[in-house]
Amino acid sequence: MKVEKDRLNQLKRDAIQGFIKYIGMKAVSLSPGRFTTRLKLEKRHLQQDGFAHAGLVAAMADHTAGYASFSLVPADRRILTMEYKISYFRPAGGDYLECQGHVIKAGRQVLFTQADVYAVKGKTKTLVARAMHTMTAVPVEKMPKA
Amino acid sequence: MKVEKDRLNQLKRDAIQGFIKYIGMKAVSLSPGRFTTRLKLEKRHLQQDGFAHAGLVAAMADHTAGYASFSLVPADRRILTMEYKISYFRPAGGDYLECQGHVIKAGRQVLFTQADVYAVKGKTKTLVARAMHTMTAVPVEKMPKA
Amino acid sequence: MKVEKDRLNQLKRDAIQGFIKYIGMKAVSLSPGRFTTRLKLEKRHLQQDGFAHAGLVAAMADHTAGYASFSLVPADRRILTMEYKISYFRPAGGDYLECQGHVIKAGRQVLFTQADVYAVKGKTKTLVARAMHTMTAVPVEKMPKA
Amino acid sequence: MKVEKDRLNQLKRDAIQGFIKYIGMKAVSLSPGRFTTRLKLEKRHLQQDGFAHAGLVAAMADHTAGYASFSLVPADRRILTMEYKISYFRPAGGDYLECQGHVIKAGRQVLFTQADVYAVKGKTKTLVARAMHTMTAVPVEKMPKA
């Protein structure tokens, strides 16, 4: 699918707002079906044992996969997460987290995605979590009201 | 399993720190194997369409299930999330979110939990998401270093 | 939603065919959004340690949830499983397995379901697994060809 | 980890028994942390619309990931599935199914695995499903009795 450069740039800006801006995620790169994000780890992100909170890692995976999906649907459709599963291979810490999301299978209404989260400390990059999502693309006029 | 009242009170306080405090979660009640939490919805919690971000809902479910698990393990063990799956039955909005977590099966090293998230608007309470987690109880001395 | 009795009876018969008949599942009862099935455990169902194979337990959960979903959609729609997660609380054995599936949330195109699997030995019934599925209801004319 | 050739051969034989033999799975190749299996599709494997039953596909993914895990644990440990999630990208049909399972992260007691299932028709091989599992390695003497 051909995706306009303007559309990608707009989505990349759009991606960082609300909760995602609040927790400090940054957009790194967005291409059709692929999105990479980063988050500098700070004290506010940690859980009781000093690791990045599992909920933070999951939010990052969810949002990164969500905008990877956005890049493959027409501009009059919105993306909602229907469900996901995330596995934590090890507790996450370090300088920052990087998340790489991609679309495995894009249908008109349903998109399957995967997102890998890496912990980066100095020059070491370690896979800490993998998530698999089912996203739905909803026409704007059918979106429920917030 | 008999759980000391002091231990429950301490866990309930301990539950609200770091990332969880930052996003505004509150502990409502903690009994052995059951934890209830709330979060008043504010602008900082929303995604691009004005709903509570799926990542926020998941963080709430994860943490609530995590401390429900904590309440059933000896004081020298820590809880880490190994994995979970969450399904979103409808987008979440309203005045606040409430999460009810409980332990389905508690083993010595592995605990299976479930967490239901409700959106509350005025007097209406709607189930918006359900998560199933696998938690692990790690002896303090074997915890990885953050 | 009103579901005709004839439709339920037809679905209950329809449920036991192909792979499901081959592995020995039986329909117990089907009401709108709820389906119960059973499977008498035999040698052919076991894995290397003498327990019911995890794949068998999952097939049972998937199919039971699938036909619980069928009971809530118009007769010109077919049900396909988009994804599920299943947790095994303990290895399963005994005289037979019973599975209780129900629809948590039924949309026009997407249905969320849950299925609990019990192992029954004599008079003891033990919860051994819980699954959560996302089903899709596809109009017959849009079904892919087998 | 060095895995003896004899051990791998024995595991490869051991993999095909009970339920797995009954449904017709074959072992193709087993190396440390990787297992490939195949299943020739027959009428007994199908669901109501003529596709391979989702439960069959899941059983294949589960078992393939299970023996990929077996290949990385000491001979006095047994593998049990704690949970998995499987996504179905499209209905599966064709001549046979092939499943490729691998271990993502092997701990002493917990192993995270992934299994991809392909449908093969003539010269076309299509990814139809992906599963992520959490396996546990249990010392023989601690195994529950079947």
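Which chain is which? They are A, B, C and D, in the order written, and residues in each are numbered from 1.
Keep this in mind: a residue touches a chain if its C-beta (ideal position, glycine included) is under 8 Å from a C-beta of that chain, and two chains touch if they have at least 3 such contacts.
In this text, all values refer to a predicted model and were calculated from it rather than measured experimentally.
Q: Select, from A-C and C-D, the pair of chains that is joined by more C-beta pairs in contact.
A: Higher C-beta contact count between the two pairs: C-D.
Q: What chain lies farthest away from subunit D once each centre is taken as the mean of the Cα atoms?
A: B
Q: What whole-number Å value describes the gap between the mean CA coordinates of subunit A and subunit D?
A: Result: the chain centres lie 29 Å from each other.
Q: What is the distance, in whole Å, between the centres of subunit C and subunit D, each centre taken as the mean of its C-alpha atoms?
A: Those two chain centres are 21 Å apart.
Q: Can you check how far apart subunit A and subunit C are, centre to centre, with Cα atoms defining each centre and the answer in Å?
A: That gives a centre separation of 33 Å.
Q: Residues touching two or more other chains, restricted to subunit B: which are they?
A: Residue numbers touching two or more other chains: 82-83, 85, 87, 90, 112, 132, 134.
Q: How would one label the connectivity among the chains shown: line, ring, star, complete, or other?
A: Looks like everything touches everything, fully connected.
Q: Which residues of subunit A touch subunit C once you look at their complex with the stated criterion?
A: By the definition above, subunit A touches subunit C via 82-83, 85, 109-110, 112, 132, 134, 136.
Q: Which bits of subunit C are touching subunit D when the two form their complex?
A: Subunit C residues touching subunit D: 14, 17-20, 22-23, 43-56, 58-60, 62-63, 66, 78, 80-88, 90-91, 93, 143-144, 146.
Q: So in the complex, which bits of subunit D are touching subunit A?
A: Residues of subunit D touching subunit A: 85, 87, 89-90, 104-105, 112, 114, 127, 130, 132, 134.
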